[in-house]
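Letters are used for the chains, namely A, B and C, taken in the order the chains are written, and counting of residues starts over at 1 for each.
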């Protein structure tokens, strides 16, 4: 087995051998089964299973320290799992990490570009790293320059580019070798919304061409761009589905928006009411989690009126991903003060 | 501070670094009892602005008055009444929670029983009473931020400056953090916070959107949304890409974004919904169209676009 | 200057030192290790220089003369040989460091009252030990010559002979017991120059690096309070370290302590203030721990080692370099310590050096405070 992988490493593009190594269901680009990573007593990743399909934008959503980066590192063959298995493009990451690395593109949140090299020099460097065949090199590089919108700036130092350009250049570098799976680790942190939209446009194009894009983010609103999401918290998956499915299906109750005066006082009052599971302030309004919004609304109005707090709009709203996340990670629907 | 004066008043504030104008003619004010959000992506000038308001960075031009003190003339003058929590965790990781609090209490000369009571109350409010003996470096991200806030509040400041206080913090701790901020407003403080989470902006009373050092607009989130020119539509459909190319360039259709479940489309008038439904039906597409409220990101993108156009 | 804020800084600093294993190691282990390394390294290596003897005369008197080399603890006579060739080969091979050759007319010339040249061949590749070997050789020769002279004079009936003065004053390496005594005070000064600067060089840089400085400068604390609050704990530690080194010197290396304690403490406090302020200054300028600690080593170790009079006597340096040594605070402290340990000189006789230290302390403290800006631009 060891001999095999060493031989393969010499020429990772030997498709015949690759086919032998591939396993798992057709169409699945990333298959993770019971993946665990422990550091001492601490389980950074605790029994995660998931499947990302070909051409899918798969979002991995959770706060810092939830286990996102650890998972991505295992999937990229940089860290070996404690137990469980993972295949990327059908190749086992534990036994053939070198081959996995040839078949993926990876872009870190720090955009690992060399700031003191020009745009072209960076592209040539990464092309060399990923052994892009010489015959394809000119077309791949002009494709990347085009994609990043860097025409006319090929000779600029990467360090002098604005964050949005850098991000697109880093993406270009990561996919020069046409990997079937691309991992993006917090790809748009620190990028302005305009550039972020352009970036996601590119990602959707790549996905349409059949590339599987695996994205981690802790920006809840960014997760909306993904086809499918898993919410990860303390190393475990707490929910999965499309953004819409998550928003409509995974909350334990319904969300009621209450516009009112003296929100602080209103929060205290409503937070203590037995029919309200959770309450939080949003500017001049409250978000209440209730069993049934329609039934709860009159009760809320009565309570506020009794205390002389004038209420405006009271209506059911669709929860945001953050609402979903909070409701799923608060074990007993307790009260956030 | 004079009667009726805003606790934070900024006029024409400008700061350049070599090759970049980080803050460009910023004017805004924050009132008592208000949470004001400076919202924008990294590099928009939020941190630079905060540092100037905290008196740790010298403004290049403009006026800054904080807690009634002119910071251009006397940058040290307001420090006893202001509290600043920088973006990077500013506490000592090898000190315990209690030791950090005591350090800041002594620096601000909060002593004895007053200090004990205030610390106990703030720690209880942050849900950290049982962690007093723990080293700050061993706290979770959310706890660190809450400890930072406790230290920043120990001297009962009038003005609180928070630079990206919830960055990277999990949503549950983020909510707790905001709950603490709201509870402070009863003390009559003014809170200026920055955030790069555009969705978080909705929690502020008023927001100012910053882009490349300039103020795009400044108002309450509700007013901003009400003034949004156009209507945002959420179109849910199986295969959104062909639908996107179908819609792009149609009369009245602005930006078209592919998102996870479908499309995020801006049209010039709510009445377009019926028209789009017909067009999609004619093209044989099954899709549900729903009018939704614009997000702060929509506002931002629209404003940048208009500014450029 | 507000005492509460000063106290806040000092307490915080003490807790940090206490919790940081690395700084405790620097505080306790580094002075002891340096003290032992220098104490043994500088003194013991100079003893037992391997020596070859070539006696061309082989007379009673020449044998008697060479016995003085055999008796000296500075030399280890490896072999007595019969030809020059063997001497040359031995030096080439490194079998000996030095060879002494007695000419064939040694006793004849002495009897005739003529001057005799004793040849010493020294391996000069290590100039320091070569110098030492020559000095020791000279000492042996001159003490033998003195003995001869006294005997000669006595034979002539002149009973009361004043011993020549030149012998004791030649070089300080010569005095077999006192060599340790001269080195140890020097080591104390050097160790403190390095340790003191190193201790504080990290303190400000660390706050910038960890991001704690930004919050600190947004509080009402003044830069004077920051500086004094940070230096106070280290002053105590530095004083402790100096006393530890001095104690090692007295009880381990057997160096005398002939002065009053308060003179020692006064000059120590001044010197520690100097080195701490210097470290603080470098820390402010360096802004990162790596740069600051390296600057600190370069700025203190080299001058303290080379220009303070520790290794090379100042009065033997070129005139221009002698002027430069006045800018090296360790020079004054070294001088004071040697006097304090060995001579017990009263303050009135070395007040200039104490004043020099005090001047440095004041200037550097002001400089360090001024260099720090409560600003991040």
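Methods note: a residue touches a chain if its C-beta (ideal position, glycine included) is under 8 Å from a C-beta of that chain, and two chains touch if they have at least 3 such contacts.
Values in this document were obtained by computation on a predicted structure and should not be read as measured data.
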Highest C-beta pair count, chain pair: A-B
Centroid comparison with chain A (C-alpha atoms), farthest chain: C
Averaged-CA centre spacing for the pair chain B and chain A, given as whole angstrom: 23
Centre-of-Cα separation between chain C and chain B, whole angstrom: 60
Chain A and chain C, separation of their C-alpha mean positions in angstrom: 63
Interface residues, chain B side, partner chain A - complex: 35, 40-44, 125, 140-142, 168-176, 178-179, 182-183, 185-186, 196-199, 202-205, 211, 220-222, 236, 241, 255, 257-261, 264, 295, 297, 300-301, 304-305
Complex interface listing, chain C residues touching chain B: 2, 4-5, 7-9, 11-12, 15-16, 19-20, 210-212, 214-221, 374-377
Parts of chain A lying in touch with chain B, wherever the complex brings them together: 57, 59, 62-66, 163, 189-194, 196-197, 200-201, 204, 208, 218-221, 223-229, 233, 242-244, 263-264, 267, 280-284, 320, 322, 325-326, 329-330, 336-337
Residues of chain B defined as touching chain C within the complex: 51, 54-58, 75-76, 79-80, 82-86, 88-95, 99, 102-109, 111
